[in-house]
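Following this message is one structure expressed as structure tokens.
Note that the chains take the letters A, B, C and D in the order they are written out, and that residue 1 is the start of every chain.
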Amino acid sequence: MSQPVCAIVGAGEGLGRALAARFSGAGFSIGLVSRTETGSAAAFEAAAAAGTRESVRFVAADASQPETIERALANIAGELGEIDLLIYNARREFTACEPLEMTYAALEDSYRVEVVGAFAAAKSVLPAMRERGHGSIFFSSATAAFRGSATYPLYAIGKFGLRALSQSLCKAYSRDGVHIVHFRLDCDLDVPVMRELYGDRYDPEKLADPADVAEAYWLAYQQPKSAWSNEVELRPHTEAWTC
Amino acid sequence: MSQPVCAIVGAGEGLGRALAARFSGAGFSIGLVSRTETGSAAAFEAAAAAGTRESVRFVAADASQPETIERALANIAGELGEIDLLIYNARREFTACEPLEMTYAALEDSYRVEVVGAFAAAKSVLPAMRERGHGSIFFSSATAAFRGSATYPLYAIGKFGLRALSQSLCKAYSRDGVHIVHFRLDCDLDVPVMRELYGDRYDPEKLADPADVAEAYWLAYQQPKSAWSNEVELRPHTEAWTC
Amino acid sequence: MSQPVCAIVGAGEGLGRALAARFSGAGFSIGLVSRTETGSAAAFEAAAAAGTRESVRFVAADASQPETIERALANIAGELGEIDLLIYNARREFTACEPLEMTYAALEDSYRVEVVGAFAAAKSVLPAMRERGHGSIFFSSATAAFRGSATYPLYAIGKFGLRALSQSLCKAYSRDGVHIVHFRLDCDLDVPVMRELYGDRYDPEKLADPADVAEAYWLAYQQPKSAWSNEVELRPHTEAWTC
Amino acid sequence: MSQPVCAIVGAGEGLGRALAARFSGAGFSIGLVSRTETGSAAAFEAAAAAGTRESVRFVAADASQPETIERALANIAGELGEIDLLIYNARREFTACEPLEMTYAALEDSYRVEVVGAFAAAKSVLPAMRERGHGSIFFSSATAAFRGSATYPLYAIGKFGLRALSQSLCKAYSRDGVHIVHFRLDCDLDVPVMRELYGDRYDPEKLADPADVAEAYWLAYQQPKSAWSNEVELRPHTEAWTC
């Protein structure tokens, strides 16, 4: 099979779907990993529509159980060929709470998805990528990776850890030709759940379009290896950002 | 009992001991928390020598088991009075490994000590501090909290998480009068284990003296509440640092 | 004239030349601005070779004299049409010195090129870009914008200022559709002057290929406006970086 | 004369006055430098009241003219003895403007006060400090040194440059025993001009008390040299900060 292969862990109806469509449209075979087939259905259909149904696969796994991630990615590589691009896009549903309300179980569960699962995914593809001397590993992250939060502390703690993992992998394995990128989405996405959340305050100009974010991933994928970014920030032109 | 109370979680023979001596010398009762009484023996003797033996307590707890931290700190508050200053100084023995060598168990264990244990300690003292409108919580951390590592990835991932926790607590509870500080030690400490590690390359001028670091904690403790630092960096004058 | 227009201020034989070739090859008219025509000769020929000689212009200006920059860019817009992409790539020859050796004149001269000249260039194109609701302004910068230096303090002070300018412009004018990017080159470039400087230690694997950097600018130019990066880092895969 | 000597460049009625009082009260001779004697009158009286009138001096200089700074500090050292602590506290009156409204003259003038004047002051005391193997140089700065601004771009550009200067001096001269600190005031100060500016919204709880900030400088001055901070952030406990 001569198509390049893109595996997406955490392939929901928002960014996951847009990524599946973008890379399928660019000629990639697509392997989708979510907890349930329903969870990836929109991404599956989008990938099939942008490319061909034959080159899309779904495999179930639970991001909080690293061995299931390993098996799913081995499965995808077995069916579609070695993975050229791994996108780790999983995250826990985040619910607001003040720090003192965090339970120990929630702290560990969030970490398992954000960090341990991300590591399991990277670990599943890195040895083959290093051997071939190329490959890309992209982590979807957020501004929460850069600052703590009085209202979403679990999310911040998880994303800080994910960023540390991403930097550590870069520093160890970039020299082998593996392009590792931490994407900081500095905004909310214009996805169904956000439209509901915003209600009357919904303003598409203030949000990132998932298709645009997927396009930015695609552009990063094309960076030549003497001019790589390892941390990429993405925000709408309307965003009043701080560093 | 009218002495202020300082609790130190992770009270070994290095920085823990220096902190115990410094705050005991300043008139604090000292509560020491380590896994074993032997582990805190040097800190205990230093605190007793700098103050009085009667105002020093040891309570055993395992930083990777948050409930034991809670019990130990409740115990100290019961015996010595409400805790004015909590110093979380626990960390796992760090051993070098490249990222791909990390086990899932090691990733979780490191996080339990660096983040979950730190949270358990903070949670044990915060409600009383908020009620009284003052108190201080100090986290011992490192430059590893600011950058990933090809050789100590576990340490970096843990310290990033600790920094996110510290910032989140600041943003939620500073306004209640609780001074929360993340101390970034940007250097190795001049402690027995480092002297061994450095061997012939041992040069005390290149290392931070634990007594000096303890002095810097003491100075931070005295900051007035309209001019607080929440992230404090400390390094020897010989250090060629990067931000 | 229906071609998009790219103006490059500081169009030498290294990155300037590669940028001229890349954007000319993509169908842009190219306006080159340097102190002397000789200084831009290599860039001129590269642009002519990648596109057509008719759509390349050279205009002389001195980056340390802001009015000359304004005139040069007005001149280019008059001849080639409104500028779609402005790349500010000028910098002073940097020579090593310790901080105490800096002269006041050198401090001011460096600032004039790095900050005042960059502002003059941005100011020359921003009003038209805001009116049309689109346009891109790219600043070539370096890791020196993120940390001071014991050996190149002038360069660091200049690049910090350039970064502050870039962020300030972003925060004021991104919402009008103008994409402003600070490119942090986290490496030396594989250009003639560096080959000489490195001598026996010259290793192309450790340096960024100017053509690759130009490609990365081109990719950034294509980011859709709900997913923009405003600070882009670029480094070779061999670089052992710190944040 | 055996008292230690503190020189304050930019000694107005706000922070300058509080610093003069704090260090005079701690037994320092105080040298005050401002453009006019009237500008330092409040600081002079505060220093005299906290110590003795005999050990306070005023010398006029213009921070935008580096030679006048050099002469003023030489003058102070001649009269009071070698300077142990230099505090550079000068800044331009900052007025809001959007980036496109900045004039080239304002850009240069701001830089002269924020960076060139700060360098002139440091240069005046560094050689003697290095020879003696100790001394402290403190720069008053702000959060503006960490992020650009759509409304105060001049201030941000100046403070970025000041931070670069401070880091460069640290990296070159800390090893000689000189403690160099960039103070980031992450808040407005509770000073007369701010009370006016805030009007009805004036709330002392939200502002930093200059006496508290001066206390924090005093605490930093006491850090032992194996545990120095080179960048100190200060904010009121009520501040909702971002990194």
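We adopt the following convention: a contact is a pair of C-beta atoms (placed from the backbone, for glycine too) under 8 Å apart; a residue touches a chain by one contact, two chains touch by 3 or more.
Every value quoted in this text rests on a predicted model; they were computed, and no experiment measured them.
Chemist: Leaving chain C out, group the remaining chains by who still touches whom.
Modeler: one piece
Chemist: Looking at where chain A touches chain C, is over half of the residue numbers used by both copies, so same, or under half, so different?
Modeler: Both copies, chain A as well as chain C, present the same residues to each other, with over half of the numbers appearing on both sides.
Chemist: Computing the C-alpha centre of each chain, which chain sits at the greatest distance from chain B?
Modeler: C
Chemist: Just curious, how far off is chain D from chain A if you go by their C-alpha centres, in Å?
Modeler: Centre separation, chain A to chain D: 46 Å.
Chemist: Could you work out how far the Cα centre of chain B sits from that of chain D, in whole Å?
Modeler: 32
Chemist: Rounded to the nearest whole Å, what is the centre-to-centre distance of chain C and chain D, using the mean of the C-alpha atoms as each centre?
Modeler: Distance between chain centres, rounded to whole Å: 34 Å.
Chemist: For chain D, write out the residues touching at least two other chains, lowest number first.
Modeler: 147, 150, 167, 170-171, 240, 243, in rising order.
Chemist: So in the complex, the part of chain D that touches chain C is made up of which residues?
Modeler: Answer in residue numbers: 66, 98-100, 102, 104, 107-108, 111-112, 115-116, 119-120, 123, 126-127, 147-150, 153, 156-157, 159-161, 163-173.
Chemist: Quick check on the complex: what are the chain C residues that touch chain B?
Modeler: The touching residues are 146-147, 150, 240, 242-243.
Chemist: Quick check: in the complex, which residue numbers of chain C touch chain A?
Modeler: Within the complex, chain C touches chain A at residues 167, 170-171, 174-175, 177, 179, 190, 207-209, 211-213, 215-216, 219-220, 222-241, 243.
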